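First chain A sits with chain B, and in the next complex the same chain sits with chain C.
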Partner chain A sequence: MLKYILKRLLMMIPVILCVAILVFTIIYFTPGDAAQVVAGQGTPAEKLDELRESMGLNDPYFVQLGRYLHQVFVKLDLGTAMVNKTSITSDMQARFPYSMTLALIGIAFAICVGIPLGVYSALHQNKVGDRIAVVVSMLGVSVPHFWLALMLILLFSVKLGWLPAYGVGGIAYWIMPIIANCVGGMATTARQTRSSMLEVIHCDYIVTARSKGLKQSQIILRHMLPNALIPIITVTGMNFGGMLGGGLIIEQIFTIPGVGFYLTKGITQRDYYAVMGGVILLSVAFSVIMLATDLIQAFVDPRIKAQYAGDVKRRRKPHAREA
Partner chain B sequence: MPEKPEKIGGAAPRERAESAAALYEGAYGALEETPKQKSQFLEILKRMSYSKVNVICLAIVLFFGLVAVLAPLIAPYGYADMVAQPFLRPSAAHLFGTDNLGRDVLSRVMHGAKYSIGLGLAATGVSLAFGMFLGAIAGYYGGKVDDLLMRFCDIIQSIPGLLLNMALCVAFGTGVANTIFALGVGGIAASARLMRSSFLNLRKAEFVDAARSISCSDARIISRHIIPNAFAPVLVQTTMNIGAVIMTAAGLNFLGLGVQAPRPEWGALLSGGRDFIRKAPWLCIFPGCCILVLVLSLNLVGDGLRDAMDPKLKK
Partner chain C sequence: MGNGASNDAGNGASKTMRGADVGEEKQKFLEVRDLSVRYETKEETVYAVNGVSFSLEKGRTLGLVGETGAGKTTIARAILGILPSPPAVVGGGEILLGGDDILGASEREMHDIRGNRVTMIFQDPMTALNPVMTIGRQIEEVIESHERVSKDEARKRAEEMLEMVGILAERYSEYPHQFSGGMKQRVVIAIALACNPDLLLADEPTTALDVTIQAQVLDLMKTLHKKQNTSTILITHDLGVVSEMCDEVAIVYAGEIVEMGSLEDIFERPAHPYMLGLLGAIPAIDGDEEKLSPIPGMTPDPTSLPPGCKFHPRCKYAAEACKSEPVGMKEIAPGHFCRCLNLAAPNLAAREAE
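Here is the complex of A and B:
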C-alpha cells in the first residue's frame, strides 16, 4: 500500500509539470503585451523595449518556459503580479484558505446530504418520497449556481434582510456562498448514490443478509453502501474539482477574497502571471484531491487494494485503464 | 451470401468482398440489437414517448429551439433597441420588464436563446469532432499513440473544467467564434475518452477482421466500419452534455469573458442585471429561469434517451 501511495505521488509530478507547461503555453500565445501591462498605459516605446528586455520577453519560447518552470518548481515562487507588483505566492497563501474552506465545507455538505438522500430514494424506489427526491436532485443538477447565488441574495439579503449580501466575516457570511456552491454537488451525489444503490439492492448477498435476519440499518451500512461506494467516491472527487472551479464565480459574486476572486481580477487586469499562478495552484489542489479519492477507493474496496498490496504480481495491464 | 449474381459479376473483387463484409457487419449489428430490422431511431423515439415527462421536456427543448431560430421574426423589439423608460416593471406591454437602458427584456431573452443554444451546440460539435478523431486514433492504434493521447487527456482533465475554459477564453479572446472554440477544446478530452473506449471494444469485432483481411486501408476501416457502430453511444453521452455546456457558457459570459455586450447571451444578461438586483430583480430572474428550464429539459431528455437505449430496460 505504501509503495502504491509513493508511486502515485511520483506519478503526480509529471502531470503537474505538464499542467504548468500547458497553462504557460496557453498564456504565452495569448495576444497582448506583458510589458505594457506591467508599465501601465502611456509609457514611451523605448522604456517598454527596455522593460521587455529586462523581463526576458524577447527570449525564445523554450527559454522563457524553462525559466518559468525553474522559478515555480525549484524556487517555489509563482512570480510577481504584473499590476499590483505583489508576490503571487504570498497572495495565494492569504487567499487559498478561503477557497479551500468554500470547497471543503461544500463537499462535506454534498456527502452528508447527498448520500442519505440517495439511499432513501433507492430504498423507496418509485414511491412519492423517491419521486420528490429525484425531481429535487434533477433541479439541483440543472440550476446554474451563479444564478442560484443571485436569487439567494435577492431573497435573504434584499427582501428579508437576514444575511449579509457580500464580504467575509462570521458564519452568516458563509451560509449563502456554501449553499450556492454545493447544491450541484449534492444533487450529483444523490443521483449517483441512488443509481449505484439500485444496482446492488437486488443482489443475492442482500437477500442472504436479509434472510439471516439482520437489521435494515445493518444491511444498509454493512452490505449495501460499501458495495455501492466506489462510483460515489469518484463522483465526489469530480465534484470537488467542480467546486474549486465553480467557486471562481461564487467568490466573485460574494466578494470572498479567495483564489477565484484573485483570478477573475487578474483576467480583467490582463495580469497574466497572476492567472497562471492561480490556475496552476488550483490544478495542483485538484490533483491532490483526485489522488486522495483513488487512495480512498483502494481503502474501501479490497479488490482494488489487492492489486497493489505487497509484491503480488500486478494484474492490471497498462492498457486496461478504462475511461 | 444472398447477393444477386449479376451484381457479383459486375463488381470489382475487392468491392464485392467488402460489401460481403458490410453485410456481415449488418447481421452482426442486428444480432446485437433487435432481432427484427426496424428503424433504430423510430424504435427509440417510441420507447421514449412512453414517459410523459420525456414528451413534455422534448417539447420544451423544441420550443426554445424554435424561439432561438425565429427570434428576429417573433421578438417584439430588437435586442439593442431602447424602446421604453428604463426599469419598467413586468407588465402587459413588456412582459419581462425593461432594463437599465430601457431595452425590452423579453426581446433580449428571445434573442439570447439564439446565442446560448448556438454556443452550446457549436461547442459540443467542436469537442465531438476533435474528440472523436483523437479517440478513434488512440483506440484503433493502441500502444504508444494511445498512451500518449491518454496521458494528454489526463493532463487536460487535471485542470478543473471551468478554469480550463476560462484560461482558453483568455487566450482566444472574446467573440462568438472564439468562445465556441474555448468551450469546445475544453470538452475534447472527455469525448476522446468515450470514443476510445467504444473503439477498444469494436477493434476486436469480427467485421473489422473481415475488413482488414480484404486489405481495407486503416482510414477506410475507421471511417466506414467502426465509426458508424461507435457513434451512437458517444452521441448520446455528448447530447446529455449540452446542458452542462450551456451552463458553462453562461458562467463564462457572467464573468465577462466570451460573448460581449450588447449581445444578449443569457449569462451576459445575468451579469448585466446583477448590478441592479435591488432595484430591478426581474433583470436577473427571467434569464436565469430560462437557463434553468432549458438545462433541466435537456438533462431529462438525455436521461430518457439513455434509458430508451439501454438494452437492459427493453421489453
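Here is the complex of A and C:
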C-alpha cells in the first residue's frame, strides 16, 4: 500500500508539470503585453522595450517556458506578481487557508447532510419524504451558487440585516459563503447516496444480513452504507475540488481573500504570473484530493485495495508459508 | 429461546435431549398452515404461494421440490419473515414455530428469531456475503447479536465455526472475494449454523456450485445436521439431492403442495401426475429407454392461475371436474398426502405401470 501511495505521489509530478506547461503556453499566446502590465499605462515605448528585454519577454517561447518551470519546480518560487510586485508564493500562503476553510467546511456539511438525506430517501423510496428530498436535491443541483449567494445577501443582509454581506471576521461572515458554496455539493451527495443505496438495498447480502436477525440500524451502517460508499466518495472528492476551485466566484461575491479572489483579480488585472501561480496551486490541491479519494476508496473496499496491493502481497505469501 | 451464554457442548447436549423428548411426543416443531403470499405491483398480482400447509418434526429434513417460480423460496422467506415488502403481501395463514405464531410476530421479536432459531442458507454464495466485510466478522456478527458474549469469545466462536465448515481459522480476516464459490457457501453455512438454530432453511444451497463442490457441501450439511440435530427445510429442484438428504418431501407446483409424504412414499409410490411426470423425466442409470417422457407445457403464469387443479392443463389424466373444482389435499396412505381428484380412476398401480 505504501508503495502505491509513493507511486501515486510521484505520478503527480508529471501531471502538475503538464498543468504548468499548459497554463504557461495559453498565457504566452494570449494577446497582451506583460511589460505594459508591469509598467502601467502611459509608459514611453523605449522604456517598455527596455523592460521587455530585462523580463526576457523577447526570448523564444521554449527559453521562457524553461525559465518559468525552473523557477517554479526547482526554486519552488511562483514568481512576483506583476501589478502589486509581491511574492506570489507568500500571497498564496496567506490566501490558501481561506479557500481551504471554505471548502473544508462546505464538504463537511455536504457529507453530514447529503449522506443521511440520501439514506433516508433510499429507505423510504417513493414515499412522501423521499419525493420531497428528491425535489429539494434536484433544486440544489440546479441552482447556480452565485445566484444563491446573491439571494442570500439580499435576504439576510439587505432585508433582514442579520448577516454581514461581505468581508471576513467572525463566524457570522462565514455563514452565507459556506451555505452558497456547499448547497450544490450537498445535493449531489444526497442524489448519489440515494441511487447507490437503492442499488445496494436489493443485493443478496442485505437479505443475508436481515436473515441474521440484525437490527435495521446495523444493517444500514454495516452492510448497506459501506457498500454504497464508493461512488459517494468519488462524488465527494469531485465536490471538494469543485468547492476549492469554484469558490472563486463565491470568494469574489463575499470578498473573501482566498486563492479564488486572488485569481479573479489577477485575471482582471492581466497579471499573468499571479494567474499561473494560482492555477498551479489549485491543480496541486486537486491532485492531492484525488489521491486521497482513491486511498479512502481502497480503505473502504478491500477489492480495490487488492488491485493496488494484490500482486505485492501474493508474491510474499507463499514465502511466508514456506518459512 | 434460551441459548444464552451456555457453551457449545452444553448446548448440543440439551438439543439432543430435546430432540429425544419431541421424538416421543411426536410434537410438530414447525407447522405452516394455509400460508398464502402474493406479490402485488401496480400492473399485476403474482400469486406465489396459495394455501400451503406442512409440518416438520424436530431433527427431520423436509425437501421442498418444485420448478423455478413454484414458490419454494417465497415459502422459506415467509417463515423467516424476510419477504420483500412491498411488493410481497401475506394473504393469510399461520406459521407456528414451537407453538408460537411467528407470522404475526413483531419486527423486534423477529430479530431474535432470525439468525438464532431460524436461519437460512442462500442460493448464490457469490452474492450472499457482504463484499466489504471480513468473513470472520460476518460470522461473529450473528453470534454477537444473539448471544451475550464478549468480543473475544465471539471471535473464538466464529473461528471455531470456520474450522467446523473446513476453512482454516487463520483466514478469519479475509474478504469474500478471496474465496471460491464453494468456500463462500461454507462461510454462509457457518453463518447459518453459528447460533445452533432449531430450523435451517436451505434455499437451493448447491444450485450455483459445480458438481464436485455440490457433493462436498451436501456432505458437510449432512455431517453438521447429524451433529446439531437441526430441523432442515431443503429447497431444491434436484430430485437427486432430495433422495440423498431428505426424510420427507413436499412437491410444490404453482404455489401449492401437490404431494407430500416420506421419501419412500414420494419416490416409491408417487401418486400425483406431476410427480409421476417428474420421475418420468429422469433417465434411469440402468434403463434402456430411448426417450425420456417430459411433462408437456409450461408452469402456469402465476398472475393468472388456471381454475380448479393448477396442473390440469398439462395433465394427461385431467377430467372435466379437474378444470373447475378446487382440489383439496387427501391422505391416501398414512402420512402420504396428494392433491388430485383422479386418484381412484386410473389406480396407482396402473399409473406406475405406464
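Here, the second predicted complex is superposed on the first by the 309 of 323 C-alpha atoms of A that agree within 3 Å, B and C clash if a C-alpha of one lies under 4 Å from a C-alpha of the other, contacts with A are read in each partner's own complex, and residues count from 1 in each chain.
Methods note: a contact is a pair of C-beta atoms (placed from the backbone, for glycine too) under 8 Å apart; a residue touches a chain by one contact, two chains touch by 3 or more.
Just so you know, these numbers come straight off a predicted model, no measurement behind them.
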item	value
When chain B and chain C are modelled together on chain A, clash or fit	fit
Which superposed partner A:C203 touches (first chain B, second chain C, both, neither)	second
Contacts of A:R222 with chain B and chain C, given as first, second, both or neither	second
Which of chain B and chain C A:V19 touches, first, second, both or neither	first
Which partner, chain B or chain C, touches more chain A residues	B
First (chain B), second (chain C), both or neither touched by A:I267	first
Chain B, chain C and vertex chain A (Cα centres) - angle in steps of 10°	80
Touched partner set for A:G129, first chain B, second chain C, both or neither	neither
Overlay on chain A, chain C to chain B nearest C-alpha distance, Å	10
Overlapping contact positions on chain A, where the chain C interface meets the chain B interface	none
In the complex, chain B residues that touch chain A	142, 146-147, 150-151, 154-156, 158-163, 166-168, 170-171, 173, 193-194, 196-197, 243, 247, 250-251, 254-257, 267, 270, 274, 277-278, 281, 284-285, 288, 291-292, 295-296, 299-300
Residues on chain A engaged by chain C in the complex (per definition of touch)	202-205, 207-215, 218, 222-223, 226-227, 300-303, 306
Complex interface listing, chain A residues touching chain B	15-16, 18-19, 22-23, 26-27, 29-31, 138-139, 141-144, 146-147, 150-151, 153-154, 158, 241-242, 244-246, 248-249, 252-253, 263-264, 267-268, 275, 279, 282-283, 286-287, 290, 318-319, 321-323
For the chain C and chain A complex, residues of the former touching the latter	80, 82, 84, 110-116, 119-120, 122, 124, 127-133, 141-142, 145-146, 175, 177-178, 188, 191
